[in-house]
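Shared between the two complexes below is chain A, which pairs with chain B and chain C, respectively.
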Partner chain A sequence: MVAATKAPDRIPAVLAIVALGIFSALLLLLHDRWAPLIVVAAGAIALVVALKTGAAAHAERSFAAHERSMNAVVIAVFLGVLIALGRENFSLLMLCTVLLYGIACLGLNIQLGYCGVMNFAGAAFFGAGSYTAAVLAAHTALPHPLILLAGGLVAGLLGSVLLLPLLRTRGHYAALITVAFGILFRSFLEVNDTLGGPQGLVVPGLNLFGWSLNDPITVGGVTFSFYLNYALFTLLLAIVAFVVARRIERSWIGMNLDAVRIDAVAASTFGLNVPYLKIMAFVVGNIFAGIAGAVFAMMTGFVSPNDFDFSTSLVLIAILVLGGIGNPWGILPAAALVIILPEKLQAIQEYRFLLYSIAVIAILLFRPAGLFPRRLRRFFPVERAS
Partner chain B sequence: MSDDIVLGCRRLAMRFHGLTALDDLDLDVRRGEMLGLIGPNGSGKTTFFNVVTGIYRASAGEIRFESRDITHSSPQAIYRAGIARTFQRSRLCLPLTIFDNIMIGNHRRLDQGLWFNLFQRGKLRRQFASSWDEARELLMTFNKALGAQLANAAGSVNMIDRRRIEVCRALVGRPKLLLLDEPSAGMTHEETNELMDDILAIRQRIPHLTIVVIEHGMTVIERITDRCIVLNYGRKLCDGTYAEVASNPDVQQAYLGKS
Partner chain C sequence: MLGVVYAMVAVGFTLYFGVLDVINFSHADVLTAGAFVSLVAYRGLSAAGIELPFAVLGLMLVAGVAGMAALGMVIAKFFVLPLRYAPPFITLLMTLMIGTAIREAIRLFYPSGSNAQSFPALLPKTAYHWGNLLVREDTLILIATGFAVIVLVSLFINRTRLGLAIRAVAQDGETARIMGIHFEWIVLLVFALGSALAALAGVMNGLYYNEISFSTGLRLGIIGFCAAVVGGLGNMYGAIIGGFLFALLQTLSVVAMPSLSAYKDVFAFAAIILLMVIKPTGLIGEAVSERV
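Now for the complex of A and B:
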C-alpha cells in the first residue's frame, strides 16, 4: 500500500485528457473533404510518438494516481466538447451514439471482461431495449424514465432464455449460442408485423418529468441542437453506468467474477457459486445494453431490425477488445474510434473501411491487450501524497 | 464412526469409463493428524482429493466429513463444511493481486450481497481493511517480504511464494481439514525444506487442524507426517507410521516392481 516513489502529479494526465478532447472536437467540427483526414493523421502520429517516448505511460500513471480528480476532468472536458459542438446535429448524434454504445459495452465488459461470458448478441439486447421503448412509449402512458428501466428489464429477461444453454456449454460453444440468438432476434423482428417488420417503428422523443428532450434549449439568444439535451442526458446515464460497473469490479463480487473467468474449477473449490455469478454477470450486463438501447430508440425516433444485426454485435465486441478488455476507461476512446472514424473519413469513400480496418489491426498488433490494458484491482484507490 | 475420525471413506470408487482410479477405498483421517498420502504415479491420490472436494462425483461408496455424508455434495457445500485444498499444478489467478488470490479462499466470511457490495461502500471499506490486515498477517507468518507485496500480481512472485499464497488461500477460510496436493512439486531441495518448515509451523499455530498431504519425497514424508497411507491402483495398500510403511514388502514391490 505504501508507494515507494513519490506519486506522479496530475499535469500529464490532464494534458492528455485535454489533448484528446481537442482532438475529438476538431475531428467532429471540421466538415471539409480533407480536413478530418489531416486531423486523424496528426492524431495517429501524436499517439505513436506519445507511446514511443513513454509520455503515454507517464500520463496513464498520473491518471491512475489521481483517479477521482481525473474523473472530474474527463467529465469537464467532455462537457466542453459538447458545448463547442452545441449546434452541430450530426456530431452530437454521433457523440450520443458513442456514449450509448459505451454503456452497452460497460455491460458486455461485466460479462466478458470480468466473468468471461462471451456475448455475441449484444445488439440483440440493445435492440430488445429499443423495441420495448418503442412499444411502451407509443401505446402506454408510462413515464419515460420507467420505460427506460423497462427496456433494461426486458433485455435482462430476454437474456434469461439463454441462461440454461449458456451454463451447459463453454468457450466457443457458448459463444456460438449467443451468435445464433442474435441472428434469431433480428429475423424475428423482420417477420413480426406487430413490431413493424423490416420497416421498423416510429418512437416518440424522450420526455423527462415534463421536459421534452426534442425541444432545443436557447441560452442568451443561441439555440443549441436538441441533440445537446440527449447528449447531456446520456452523459449522466453513462456516469451512473460507469460508477455501477466500477463498483462491481471493486468489490468481492468483482474479485469472484475474475476468479470464475480465470479458473472456474479452483473457484468452485473455494465455495464460489459459479453458475450464480455467471447468471448475475450476464443479466446485469444485458440490463445495461437494454437501457442504452431504449435511450437510443427514443433519441433517433425510429427503430428497425437493421440497427441490431450481427455486425452491430461485433462492433460492440470490437470496442471492448480495442479499448482493453476489462478496463472501463478503454471503452470511451475505443467507441469514439469505432463510431466516429468511419464517418469522418468520407473523403476517401469506400477506402475508409480499409483504412479503418488497418487502424484496428495495427492497434491490436502493437498493443495486443488493447489501447488501455486493464490494471490490477484496487478496491479503494486513495489519492495520497506520500 | 468414532468421534476422532474427521474424514471417513467407505468402499469409495471413482471410475472414468473403463479406467478405475479409486477402487473400493476405505480410508480414515483422524482428527488433528498430519497424514501422508503416498503411492506410485496414477495410484489415485489426486483423484481422491478431487472426489473429496466435490470436483468429481464418486461412482460408488460414501464419504463422511464430521459424521456428515458429503458424497454427493457440491464443491461449494464441501468448502463451507470446512475442507480446503491446494492444487498440484499451481492454480492461482496469476493476473490478480496476491490479496485477491488469498481472499478468494475467504469467500465464506465475506459479504457477497449485490446491495452490500454496490451501495454500502463504507462497510465494505471496513471489511476490506480488516481483510487486508488479515491477509498480510497470514502471509507474514510464511515470508516477511511477501506481506509488503499484497497489491502486486500473483504472477510476479516465484514458485515457492506462489505455493505459500496457495496455502494462505486455503487457510484464510479457517478450514478444519486441509488437503495439500504435492506442495513441493517443481521445487528445489532447499525450497522444499523451507516449505515443509512452513507447513510444520502451521500445525504449531493451528493445533486442531487436520492435514492430508500428497508427497513423493520420502524424506519429506518421514519428516512431517504422523501416519502414512499407501495407495496403489486406487486401493489402500497399507497404513502406519513412515517406518512401518517403508519396511512393508508390498509397498516396496509397488514402487520398485516385482523382483
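Now for the complex of A and C:
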C-alpha cells in the first residue's frame, strides 16, 4: 500500500463491524426474557468504553480511510447475520424493516442532511408508497417491479404539492408545513373508506419476474424462512439506494446541496439555482421513501393508517439524528437501534418507550452530533495526500 | 371554547420561541400532565372530605399550575438550556422526546392510565336558550376565564418591568445580558409561565369534556403549534388569532359540508398549508432580514 504512512489500518474497522454484526445477531437470536437485556447492557458498556478509550475514533478513522473495501465487509457481515437468522421469521422481518426504514432515511438524509430541507412528513411519503402498492397490486396486473417504482413516483408527485409552500417559507414555518401535511395525510387515510379507512388494506406478496418472494427457499435440505427472500431483496435495494445517495453526495450536485444548506443566500450569489436544488433534493428523497414504503407494504401484506402517523415520521427523524445528520453510514446502526431495541426488550415490555425516549435524551445531551457524526468532505483520496 | 384552549396553547409555544428560538414540543404533554396533577389533587381532596366545588377547583388549579410551572423550569434548566448552541433540530428532537417520556410516564404510572379518565364536572351546567342558540353556563365561565388569562398574560408582558425584561431577551439575548438582565432567570420564568398556561388549558379542557387521557395533549399541542406558526412565531397576538382561526376553520368545514364532517381536520390542515403559501411568515409576520 502506498498510503501506509498516512492511512490507518483496516483491522480496527473490520473488528468494529464484526462486533456490531455479532451484537445484532445475538440480540435477534435470544428470545429469553432477560437475555436481550444483558446483551444490550454489555453492548452499551462496550460502546461507552470504546468512546472513552478512543478505540471508537480509531475504528472510525480506519473506516473512513478504507471505505471502499469496508463496503464489502459490511455486506459480508450482514449476509452472515442473515444466514445465522435464516429460519427466524420475526427476526428477519425486523431486519427487513430496519433496511427499509434505512432506505427511507437515506432519502430524508438527502433532504435534511445535504440540502437542509426539513421534512416531518417522512411517514406520509412512506405511506403514499405503501398505499400505491396496495391499490395497484390489488386492482391492476402491472408487474411488481413497476409497482414499486410507481410507489416511489406517487410519493414524489404527492411531495410536489408541497413544493410551492416549502419554497416560499423557511425554517420553522417550513417545518410546520410538513407537520401539517403528515397529519393531514393520516387523518385522510383514516376517514377515507375507499382506501380501507382505519382497517387498512390487504396487499399481495411481492413477485419478481415469476419468482414469488412468499415461497420459502430450500438449500441443501434446509428450508429458510420466506422472509429471507425479502431480506436479500431489501438488502439489494438498500445497496442501490446507498450507492445513489453516496454518488449524489460526492458529485457536484452534493457540493451544491451542501452550499444551499449552509447558506442559501451566499449559494445563490455564486449562481446556484437554489429552488431547483431544493426541489430536486425534496423529490428524490420522497421517491426513496415511497419505494421503501411500497416494499414494506408488500412484505407485511397489510397497510393501515396507524403505520404512518406523525410518530413514525418522528422515528425516521430520530434515526437520522442519532446516526449523525448527513452521514449515510450512521443510518444503519441507528435504524437498528431504534427499531430492534424496543421490540427485543420484552422483559420491560410496558416501559420500553419510556426507556427509549430517555435513552435518546441521554444521547442528545452527551453526544449532540449523533453517534456517528458526519466527517468533513474529503476532496482528495487519502492515497494521494501521502 | 375550542378557540380559547387552542389560543392558550399557542401562546405558550410562541413565548418559548420568543425567548429562546426554540420550538418546545413537550408543551403538549406538559398540558396533559397538568390536567392529571389536578385530577390527583381532586381525588386527594375528595378523600379528605372537602366538597365545596369552588374551593376544590381552586386547590386543583393551584396544584396543577404550580406543579407544571416547576416542571417547565426543570425542562428548561436541564434539557433545553444546555443545548442552546446545538442545531435547532437537536433541541426539537430533545423536546419531542421529553414529551414522549412524560406521556409514557403518565400512561404507565397513573393507575390504569392507558384508559381515558373521567374528569369531575365542577362547574354548573345550567343551560340557557337564546332562540336556537344553546349555551351552557360552564362554557361561558371557561371562555371568560380563558379570555381573562390571555389578557392578563398580555398585560404582564407589555406593562410590567418583568415583561419588559422578557421582551428584551426575546429581541436580543446578548444585549439584554449587557443591560443587566439575568438571562437564565428570564428563560426559566418564561418556561414556568408557559407551562402554567398549559396546565390551565389542560384543566379547562378536562372540565369541558369531563374526560382526559394520556394522549389528550398530543392533538391539542399540534393544533396549538400550527396556530402559533400561522399567527407568526414570537408574536402573542398572532398566536391568539391563530388559535381562534383554527377553531373557526374546523367549525366552518363542518357547517359548510356536513356530509364530510369526518374530514374536518384534513380541511383545517389543508387551509393552514394554503395560508402559509400566501403569508409565508404567518399572519403577523416576523420581521425577516437577510444577513449575508
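Basically, the second predicted complex is superposed on the first by the 373 of 386 C-alpha atoms of A that agree within 3 Å, B and C clash if a C-alpha of one lies under 4 Å from a C-alpha of the other, contacts with A are read in each partner's own complex, and residues count from 1 in each chain.
By our rule, a contact is a pair of C-beta atoms (placed from the backbone, for glycine too) under 8 Å apart; a residue touches a chain by one contact, two chains touch by 3 or more.
The shown structure was predicted, so the numbers you read here are calculated from the model rather than taken from an experiment.
J.: Assess the superposed three-chain arrangement around chain A: do chain B and chain C clash, or do they fit?
T.: These partners fit in the superposed model.
J.: Using the touch definition from the top, say if A:A50 reaches chain B (first), chain C (second), both or neither.
T.: Neither partner.
J.: May I ask you to decide whether A:L272 touches chain B, chain C, both, or neither, giving the answer as first, second, both or neither?
T.: After superposing on A, A:L272 lies in contact with chain B but is clear of chain C.
J.: Quick one: classify A:I262 as touching chain B (first), chain C (second), both or neither.
T.: In the superposition, A:I262 contacts chain B only.
J.: Please determine whether it is chain B or chain C that touches the greater number of chain A residues.
T.: The partner that reaches more residues of chain A in the superposed model: C.
J.: In the superposed arrangement, which partner chain does A:S251 touch: chain B (first), chain C (second), both, or neither?
T.: Only chain B; A:S251 stays clear of chain C.
J.: Is A:I183 touching the first partner chain B, the second partner chain C, both, or neither of them?
T.: The second partner, chain C, only.
J.: From the overlay on chain A, compute the angle at chain A's CA centre subtended by chain B and chain C, rounding to the nearest 10 degrees.
T.: Nearest-10 rounding gives 80 degrees.
J.: Just to be sure I read the superposition right, which of the two partners does A:M280 touch: chain B = first, chain C = second, or both, or neither?
T.: After superposing on A, A:M280 lies in contact with chain B but is clear of chain C.
J.: Under the stated touch criterion, which partner chain does A:L235 make contact with: chain B (first), chain C (second), both, or neither?
T.: The answer is neither, since A:L235 touches no partner chain.
J.: First (chain B), second (chain C), both or neither: which does A:A84 touch?
T.: After superposing on A, A:A84 lies clear of both chain B and chain C.
J.: So in the superposed three-chain picture, is A:I358 touching just chain B, just chain C, both, or none of them (first/second/both/neither)?
T.: The answer is second: A:I358 touches chain C but not chain B.
J.: After the superposition, what is the least C-alpha distance between chain B and chain C in whole angstrom?
T.: 6
J.: Share the list of chain A residues that count as touching for chain B in one structure and for chain C in the other.
T.: Correct list for chain A: 263, 265-266, 269.
J.: Which part of chain C faces chain A closely enough to touch in the complex?
T.: Residues of chain C touching chain A: 17, 23, 79, 82-83, 86-90, 92-94, 96-98, 100-101, 104-105, 108, 222, 225-226, 229-230, 233, 262-263, 265-266, 269-270, 272-274, 276-277, 280-282, 290, 292.
J.: What residues on chain B touch chain A, complex-wise?
T.: 53-55, 74-76, 78-80, 84-85, 87, 91, 93-97, 100, 103-105, 107-108, 110-112, 114, 117-118, 121, 124-125, 128, 132, 148, 150-153, 169, 173
J.: Please name which positions on chain A make contact with chain C in the complex.
T.: For chain A paired with chain C, touching residues are 112, 118, 162, 164-165, 168-173, 175-177, 179-181, 183-184, 187-188, 191, 263, 265-266, 269, 310, 314, 317-318, 321, 325, 350-351, 353-354, 357-358, 360-361, 364-365, 368.
J.: Which of the residues in chain A come into contact with chain B in the complex?
T.: Within the complex, chain A contacts chain B at residues 1-2, 244, 247-248, 251-253, 255-256, 258-259, 262-263, 265-273, 280, 376-380.
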